[in-house]
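Lettered A, B, C and D in written order, each chain numbered from 1.
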């Protein structure tokens, strides 16, 4: 394993020191609880937005803390969801009197830990807590009898849009409704050229041949649904979009298109892939209202990408365009 | 004395986890996200750092051990193991008895099922614990040691039985058919827990 | 070789299609000449700023085209400097009547091609062209008898700062002076954990063992000056900063610190490295006025990083903070 | 006929480059940035696409070939090869003669030196071209073919001589001592150019 780290056990803690050193103009860090806070949290009267999850997906979520997006991000160990104590502490700290939304990606661990935190918050703090669970990954079949689809790329778009709505002063009920709507009309699919290596594990999570790719991967190094010979970018784009487009009918509806890199894929390839995605959407008659291209929701050093499409009406586009000032996403200010 | 038994149980389990952390992570690497061993080791180190002697009884100590796991492990195993031990501690008998310990363990398993909603056959720790508790109950008339021994044996069998299963819960479920052929990490660690119980609780 | 591409020969052209599809609000692309233009170029009365170089360093330079930074970027083939025709075309197109500055990284190919373009511009167009050559890489010994130091990280900082100065309306002479000053007081040093793979070459540029790293690498996959066993992040930070700090005396002067990833290194590691850099600078009594952490000047999929320190006075910090709106760097608007 | 000779020279060289592109890139991979073969191949394909028959004479054609390389190659080799051919074309003799062709080639070398400022021993194409031109001049009395043959032989020797050198110019110079032991890619391709001349220009 080759990484720019000291001890594998200290990766998250030391990275948070770097975040604090780099961005103390906008965030503050509770190192004991591994929470990144918006510097001026709690914002009085504003719905507080919290997310969190395992580390290793940077800039998600810590890089999305700041004006117009999250109030706090709880950072777990690498690929391990944070613990309820963190979410409890963050919930109490960001409540500006308007209640708090927990933005949870659908993984058994994340869901259970956030659930326990919400139970504790209800019992102990008097803060009104609501949750939204994202589950947009079409690589996974949805069913009542399984863990359900994973939460992936839509989470980033949701945090931005809901962040703008909260900044605008919408109340918790409206925010919950908006968040559920976004999750309902967004879908994602990912693929990998290489495995990632979890620092504590010390070796690649899966082995993969020099001419193979994994299709349908998540963001935790879990292998995908199928392994196949590596294909040209245009075929990969088609392969990723096909299950998305057959899960939701996007025809005629403008979308926010999100071409995401998994950490080890350079921008030159992501733009090339985005071109293929844009071509396919063009042919399908799906207008792209806005887009985001880059490494925003990563899986450590994994080479690969994911595509997310989110149906976008005027309200969503307006909220997307609203100012945001976080280390990971910034515009309008 | 107070929490002697609970303390011994957790100390033994912590040692097992530490010695087998790489193996557990490696199982999780194959069908999950390569962290089960380090998750459990982090948590059980924190539990091992508690002073069992400071607690009035095993029940109180095990409750605290569960809370400690909830606060330190994260992932799926944190809430599941944490809930298990909090429930076991909450139901711990005032007087040691085979029936009392069995009831406490069953309360723990019910907590896991309530929290994780897994059923037998989903390829999780429930597949090891469920037959373990059934075997315990069947042997409970022969006393605590015999019941725990029977439970440990059945637990290991349940664990082995997870290998061919296709996962329907947890991260391994994302692999679909490809999850078959690897032993479930959580079923593996929970067997160490019950084996530790058989060495310490009677 | 595993990459998200179609044909290796089309990587640059197809990536430019993606850039156009993603950012047509801010840039336009001349596909024949492989030039990315600021959408509203030429800006009348403003000094035009052009850079360019081999592709494979994204977002540099194409991602730095836009308000407050470059007017045009000429994109060469992967790791191959662009040709004089591109620079000539860009020069004529961005001249707003105040002359044009060519920002050139010191590589034999880049320097010669930009030189030929300047000669052609002088002979044919009547546009006043000045050049600044960046050469900040302390891994390379400077000497009259060699190609001299390479231009690396300072180029990014220079493009931002000089971009702000041009936007403010400073004239070409002032801009040239500012650019030379910046190059004179900035230094960089890089290291790699892995080689990159040039698409047309199809295999890694250098082989490297599982426990080795290359220290003193550039951004074209050229091997570094020394190979050594991989070291903890804190030792790597010290190794990168030592030659920088012994080349220029930064004591007491505030700096802009730039922790750059080479394309295959995830953000979690870059923040961890930045923490180590900040600690060393703290001990050395060098205040960090501003910082930049991320993959901004990459070497395709190489895992590794570089550190750049730029002495920053009030004017430089003010220009750094000025609004910039490019796909790769954006703030203040 | 007009540009027959120039056309034949470039066609031969283009073929050599294409057949050896991977080898040239591989040399550049070892001490540079892995693109010399693809750079030259891209440029020479563009040159080969020019219709030599449309040009009044070899001089005009070679000038255009040089301009084409400048416009299509980039990197260090674009301006260097481009300047070489533009100068060779500019100095091309009205009447074929060993002296005239020698003078044209020398003008080309001078262009490379002016543009790139390399000296003999810097581990560049200059290390191959310089002895090639010296050998040409020494044999010029024996006629064009003999002079070109001598030049090609000396060029190859100069190319081989680059292997032990430590580079002082171009990308290989960044490697310092580690650049020794690999043959210079530019010296290798330029030897193909002079060998092609020996096959086509007499």
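In the analysis below, a residue touches a chain if its C-beta (ideal position, glycine included) is under 8 Å from a C-beta of that chain, and two chains touch if they have at least 3 such contacts.
Because the structure is a prediction, the values reported are computed rather than measured.
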What whole-number Å value describes the gap between the mean CA coordinates of chain A and chain C? 29
Distance from the CA centroid of chain C to that of chain D, rounded to the nearest Å? 31
Can you give the whole-Å distance between the Cα centres of chain B and chain C? 54
List, in ascending order, every residue of chain B touching at least 2 other chains. none
By the touch definition above, chain A meets two or more other chains at residues 78
Is the way these chains touch best called a line, a ring, a star, complete, or other? line
Of all possible chain pairs, which ones touch? A-B, A-C, C-D
Can you list the chain D residues touching chain C in their complex? 25-26, 29-35, 38-39, 42, 70-80, 115-116, 168-171, 173-176, 178
In the complex with chain D, residue positions of chain C that touch it: 54, 76-85, 107-109, 112-113, 115-116, 139-141, 145-147, 150, 198, 200-201, 203, 205-206, 218, 220-223, 225
In the complex, the residues of chain A that touch chain C are 2-7, 11-12, 14-19, 21-22, 55-56, 58-59, 63, 78, 193-194, 210-211, 213, 230, 232-234, 236, 259, 263-275, 278, 288, 291, 293, 295, 298, 300-301, 303-305, 330-333
